[in-house]
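Presented sequentially are two complexes of chain A, the first with chain B as partner and the second with chain C.
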Partner chain A sequence: MLEVLGLRRVYGSLIAVNGIEFALQPGDIFGFIGSNGAGKTTTIRMLATLLEPTSGTARLNGFDVVKEPMEIKRRIGYMPDFFGLYDDVKVWEYLDFYSTLYEVPARERPSVIDNVLELTDLSIKKDSFVSTLSRGMQQRLCLAKCLVHDPELLLLDEPASGLDPRARAELKQLIAELGRMGKIVIVSSHILPELADFCNTVGIIERGDLMAFGSVRDVVKTIQAAKVIEVHVIEGAGEGSMFLHGKPFVTNTHMLGSTTFKVEFEGTEQDQAEMLKSLIDAGFQVTEFREESADLEDVFLRVTTGAVQ
Partner chain B sequence: MKGFAEWARAQRRVYLGNATSVRDFRAQLRGNRPILLWSIYLGLLVLFVVLAYSNIVAQGQQSVTVVQVSLNSFYKSILWMLEVMVALVAPVIVAMSIQSEVQRKSYDLIATSPVTPKYYLIGKVLSGYRYVLMLIFLSLPVTAAAVVLGGATYGEVFISYFMIAMHGLLYIAISLPIAVISTKVVPAVIYSYVACWGYALFASVGAAMYMSRAMWMGGPQEEAPFYALLTPAMIETPVDAHTTLGQFSVPNWILATAVILVIVRFMVVGAGSAMTRKGSKETVSLRIHGLAITAVLTGIAALSQFSLTGTFGAIGGSSSGFDAQGLCIFFTVLSLPLIFALPNLSTWSYVDEHKHRPGGMFDLRQLFSGAPEGGLPYLFALLATMFAVGSGVLVYFGGAIDAAGIVYFVWLTGCWVFVWAMGWLASSFTRTGAGTAKKSHIASAVIIGLLPWPFLSIVTAMSRSDWSVVFKIYPFAGFLYNVSDLDTVVLMVFELWVAAAALTIWAEFRRRSVVSLYTRALNARQ
Partner chain C sequence: MRSAFKHLFLHNPMFAEVQRAKRSLLSEHNWRGGQLAVRLLIAVFYLFLLVMTMSFVDDIEPFLVMYIMLGLATIVLPSTLHGAIAGEREQRALDMLLVAPVTPGQIVVGKFAKALLTIGLLVAFIGLPAMFIELVHQSSPGYAQSNYGPESNGFVGYFTSLALVVVTSLMIGAITMWVSSKTKSKAGAMLGTIGALFVLFIVVPSIGGVVNFVFPGVSEALTSTSPFVLLYWAYMGFADSYDYSYGYGYEERAQSAFYVLPTMIAMALLTVLFLVLATRNLQKIALGRTD
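Up next, the complex of A and B:
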C-alpha cells in the first residue's frame, strides 16, 4: 500500500507541491493528470527518493520515503519522462547492469532478464545494441529495467510521450498487465483518454494542489452536479421537452432538434427509469434514452484553470 | 561476526564485480576505437625510444660515465612522458564518465536504484583507474629497454611506476568531487584539469621551496622528504629514500602512498556527500574524515618540518629555537586549503535542496550534519584540531606556546571567520541556489583577498618598513608577509574581528530578512 502523507515541496517562495495526500492499493493504476509545471514530476521524483520533501512523507508498505530511502529504492521502479540509455552496450548487458545494482542473485539474472524481455516483448532484441532500438523499444527497455527486481510500485512519468499509436497501445496493454500482477502503478500523462482506458484511479494536480482524486467514475461524478440525459424520439421533441419540464428531479430541458432533446436530471437511477416510463406512457416514441457522461478531459478542463507556477 | 560478514559482503560488492565498473569496462574496450588509440599511444612511445636511442648512438664513442648519464636521462624522460600522459588522461576520464551520465540523463535511473554513492563512485574510480593502469603497463616494454641498456635498475622502475600509478589515482580522486558538483561535461573536464594541474604545480613548487629552505636552514640532508613523492617533480626517486619518524625509518613511497590513499578516501567521501542529503552517513563521514585528516596532515607536516629543520622558526624566518611566529605561519600555510572548503561551509539557499536551508547561523548540534548552521562550528573545529595537534607536536619537542603564538592564532581564526561571513552574506544576495552562492562567495573572496595585493605592493615597493603601515590598515596582510611586531598583530586581530563580527551580523540580518520574505510569500500563497 502506498500512502502519500502531506507531501510538500517548496523552492523559495514557490510551492511546487502543496501537501498532497492520497493512498493506493496493490493493483491500482493511478493516472496522474496535470498541466506542465503543475507538480506531477516533482511528486513522482519525491516518491522516487530523488527529491527530498520540504515536509510530509510517503510510505510504501510501511517504509518511509524520507527516513528509509534505500528500502524504498529496493521496492520501486522509476521511469523518468526523459531518460538516456547506454548506447554502447547490448540489451542484455543493460539489464544485467541493473540486475546487479538491484542485487538480483547472479544465478537468477539470466532467467530474470529473459522474463522481463519476454514481458516487454524485446526477447528478439536481446543481443542487439541499445543504440539500434527504436524509441518505442527503448521505452520498453526502460520499463524492463524497472521490472528486473519485481518492484511493488512503478513510477512512470509520461511513459507514452514520443511514441507512435501502435507503441502506445502496446505500452498501455503492458501497464494494464502490470496492474493485474498486483503492482501499484503511477502513470503521469497528458493524453487523458488513454489514461481513462486503463487507470482505475486518477488524480488531478494543479499548481501543486491535488484538485481531485478517486476512481475515474467518482471523479467524473464530482464535477457533474446533475446528470444530462439525451432523449431521441421519432417526432415531437418539443412536446417531450415541455412534458418533462417541471417534473420531479428535472432541473432543465433543452431542445436539440426536432427529434432530440436534453434533460438535466438530479434523481436516482430508479427516478430515471420512472421518467422514461412516464414518457412512454405519455405516447412519446422513444428511440434512444442515454445518460451523457463527462470524460476525464471534461473533468480536467473543469477542475483546472490552466494556471502554471 | 555477523556484522563483519555483512561488512565483508558489502566491500566485496563495492570493489569486486562493481556493476558500474563492469559496464564502463565493456564500453571502454568495445569496437575499433580503443585498439586505434592504444596503437597510436604505443607507436608514439616506440618512436620516442628510437629517436632518443639514435641520438645517444649518433654521438659516437663516449665514456661509460657519459653513456650512463645519457641513458639515465633517457629513462627519466620516459617517466616524465608517462606522468604527463597520466595527468592528461586521468582527470578527464572520470569527469567525462560521470558528467556524460548526468547529461545523458541515465544518472537518475542509477540514483533510484539501491546503491550507495560509495558504490557508484568507486565503480567510476575503478573503471577510470583501469584505463590509466593500461596506459602505464603498455609502456613497460619501453622502460624495460632503459633498464636493459643500463639507464635504471628494476627497483627504481618499480618504485617510479608505482608512484606514477598512485599519481593517476590521485588525479582521478581530485576530479571526482568536481565531476559530481559540475553541471556540464566541458566545465567538469576543465575544472578537473585546473584542479589536478594546479595541485601538481602547487605541490611541486611548494615541496621544492620547503626543501630548499630546509636545506638552507641546515636541516638533515641525508633524507629526502616523503611529500616530494606526492608531486610529479620527483617521480624518479631513489629506492632507498626514507623519512625518520620518531625512532622509525619509513620508506618514502609507503608514506606517500598512505597520504595519497587518505586523500583518495577523503575525495570519495566528499563526492559522496555532495550526492546525498543533509545528515547522511556520507556527510557525517566526510566531516569526521575532515577533522581526522586535518589532525594527521598537521601532525605529519609538523613532524616532518621538525625532523627536516629541527625548528619551527625556519618558516618564520628565524634560524633558532621554537618560534611562535614561525609556528603560526606554519598554521597559516596549513589552513590555506580551507579556501576550497569554505564555499561549502558558508553558503546557504532556500530555493534548492533541503540540505542547503539553514535553521539558524550557529548550531553546534549540526557540526557533522552538513547543515549550513553547522558550517561555522565545523570551521572552528578544523582550526582547533590544527592548533591542538600542531601545538602538541611543538610541546612534545620541548617548545611552548607563548602569548604571541596565541594572538597570531586568534588572527588566523578571525581571517577565516571573515571569509566565512562573506559566504553567508553572498548567499543572501543570490536567489538561484547554493551553486550561485558558492560562485559569488569565491568571486568576492578573490576580490577582497587578492585585489589589494598588487596595489599594496606598488605602494610599499615591498619594503618591510613601509609594510608596517599597511599591516595596521589591512588585517589580511599577515597572510603574505611575516609580521614580527606583536603590537601590530594585536591591532590586526582587533580590526579583523571587528570587521568579521560586523560582516557576520549584517549577513545574518540579511538571512533573516530573506526568511521573512519567503515566509510571507508562502503564507500569502496558502
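Up next, the complex of A and C:
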C-alpha cells in the first residue's frame, strides 16, 4: 500500500506541491493528471527519492520515503519523462547491468532478463544494440529495466510521450497487465483519453494542489451535478422540450435542432425511466434517449483553471 | 570504518560498471568509424613504441618510457572518466542510477574503478616494457654510469617512479571525477579537468620556479608538485637542481624520498579528498538540491 502524507515541496516562494495526500492499493493504476508545471513530476520525483520533500512524506508498505530511501529504492521502478539509455551495449547487457545493481542473484539473472523481455515484447531484440531500437522499443526497454527487481510500485512519468499510436496502444496493454500483476502503478500524463482507458484511479493536480482524487467514475460524478440526457425524436423536438420543461427533476431543456433536444436532469435512474415513459405516452416518437456522460477531459477542464506556475 | 570499506569496496554493485565498460570497449558497436580510427592509431603508436624499445633497448632510458606513461595517463584518464557523472547527466541516464539501491559513494567508487582498469592497462602495456629495458640495462656492466647527469637508481628508481605514475594517475582520475560531478556536460567536464590539471601541473610549479629563481631554495616544494619534475628525481633516486651561485651544474640536494614520498602521500590524500567531494556533489544531485 502506498500512502502519501502531506507531501510538500517548496522552491523559494514557489509551492510546487502543496501537501498532497492520497492512498493506493496493490493493483491500482493511478492516472496523475495535470498541465505542464502542475506538480506531477515533482511529486513523482519525491516518491522516487530523487527529491527531498520540504515537508510530509510517503510510505510504501510501511517504508518511509524520507527516512528509508534505500528500502524504497529496492521496491520501486521509476521511468523518467526524459531518459537516455546506454546505447553502446546490447539489450540484454543493459538489463544485466541493472539486474546487478538491483542485486538480482547472478544465477537468476538470465531468466529474469528473459521474463522482462517477454513481458515487454522485446525478446526478439535481446541481442540488438540499444542504439538500434526505435523510440517505442527504448520506452519498453526502460520499462523492462524498471521490472528486473519485481518492484511493488512503478512510477511512470509521461511514459507515452513521443510514441506512435501503435506503441501507445501496446504500452497501455502492458501497464494494464502490470496492474493485474498486483503492482501499484502511477502514470502521469496530460493526454486524458489515454488514462481513462486503463486507470482505475485518477488524481488531478493543479498548481501543486490535488483538486480531485478517486475512481474515474467517482471523480466524474463529483463534477457532474446534473445528468444531461440527449433525446432524438422523429419530429417535434420543440414540443418535446416544452413538454419536459418544468417536470419533476428536470432543471433545464435546450433545443439542438428540429429532432433533437437536451434535458438537464437530477433524478435517479428510476425517475429517468419514468420521464422516457411519459414522453412516449405523450405521443413523441423517440428514436434515441441517452445519457451524456462527462469524461476525464470534461472533469479536468471543470476542475482546473489552466493556471501553471 | 570497516563497514564503510565493505560497503564501498567489497559489496558494491556499481562494480558492474567495469563489466559494462569492458563490454562497451569490446563491443562491435565501437569498432567502426572514428572509434575504430582512434583505436588503430593507438595500436600503431604502441607497436612503434615496442619496436623502438626492442631495437634501441641499450640507448633508451627507462624513465623516458615512464614519461610516456605519465603523459598518456594525463590524457587517457580524463578521456575515460570525464563523462562518468556529467555524461550520465547529459544523457539523462543519471536518474535511473540514482533510483537504484546504491549510494552516491558506491556510484563514485564504481565509476572510479574504470580509472583502476585504465591504470592497470597502462602498467601492463607500458610499465612492463619499461621494466624490460631496466632489466637489460641492469644486466649490462657499466650501464649505471650515465653519460650525463646523475646515476640511475636501478630497480628502486624504477619502482619509485612507477608508484609515482600510479599515484599521479589516481589523482588525475579523482580530479576528473570531481569536475565531472560539478558539470552537466561531457565537454564542460573535459575542459574543466584540463583546466584543473593545467593549474596543478603547470601554473603552480611555474610560479614555484619563478619564486625559486628570485629566492633560491625557498620554493622547491612548489616545483616538486609537478609529477613531471618528480618523475626524474624519483627514477634517479635523488633530487638535483642548478646551483645558481656557482654557475650551471648539477648539485645533489636531497634524497628523492624527501620530495617524492611526501608528494605521493599528498597526492593520495588529494585523491581521497576529490572522491569525497565528488560523492558530496552527487549526494546533492540525488536529493534534488542542485538544478
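Definition applied: the second predicted complex is superposed on the first by the 309 of 309 C-alpha atoms of A that agree within 3 Å, B and C clash if a C-alpha of one lies under 4 Å from a C-alpha of the other, contacts with A are read in each partner's own complex, and residues count from 1 in each chain.
In the analysis below, contacts are C-beta pairs under 8 Å (C-beta built on N, C-alpha and C of every residue); 3 or more make two chains touch, one makes a residue touch a chain.
Bear in mind that the values here come from a model prediction, so they are computed numbers and not experimental data.
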Should chain B and chain C be called a clash or a fit once both complexes are overlaid on chain A? clash
If you stack the two complexes on chain A, which partner ends up touching A:I15: first (chain B), second (chain C), both, or neither? first
State whether A:E52 touches chain B only (first), chain C only (second), both chains, or neither. both
Look at A:F249 in the shared chain and tell me whether it touches chain B only, chain C only, both, or neither; answer first, second, both or neither. neither
Determine, under the contact definition given at the top, whether A:F289 touches first (chain B), second (chain C), both, or neither. neither
Could you look at A:F83 and tell me whether it touches chain B, chain C, both or neither (first, second, both, neither)? both
A:S131 contacts which: chain B (first), chain C (second), both, neither? second
Would you sort A:E103 into first (chain B), second (chain C), both or neither based on which partner it touches? both
Does any part of chain A touch chain B in one structure and chain C in the other, and if so which residues? 48-50, 52, 70, 73-74, 76, 78, 80, 82-86, 88-89, 93, 97-98, 100-103, 142, 145
Interface with chain C, chain A side, in the complex: residues 45, 48-52, 70, 73-74, 76, 78, 80, 82-90, 93, 96-98, 100-103, 129, 131, 142, 145
Which stretch or stretches of chain C touch chain A in the complex? 13-14, 16-17, 19-20, 23-24, 27, 29-30, 91-93, 95-103, 286-289
List the residues on chain A that touch chain B in their complex, please. 10-15, 48-50, 52, 54, 70, 73-74, 76, 78, 80, 82-86, 88-89, 93, 97-98, 100-103, 142, 145
In the complex of these two chains, what residues of chain B are touching chain A? 13, 17, 19, 22-23, 26-27, 30-31, 103-106, 108-116, 277-278, 350-355, 431, 517-518, 521-522, 525
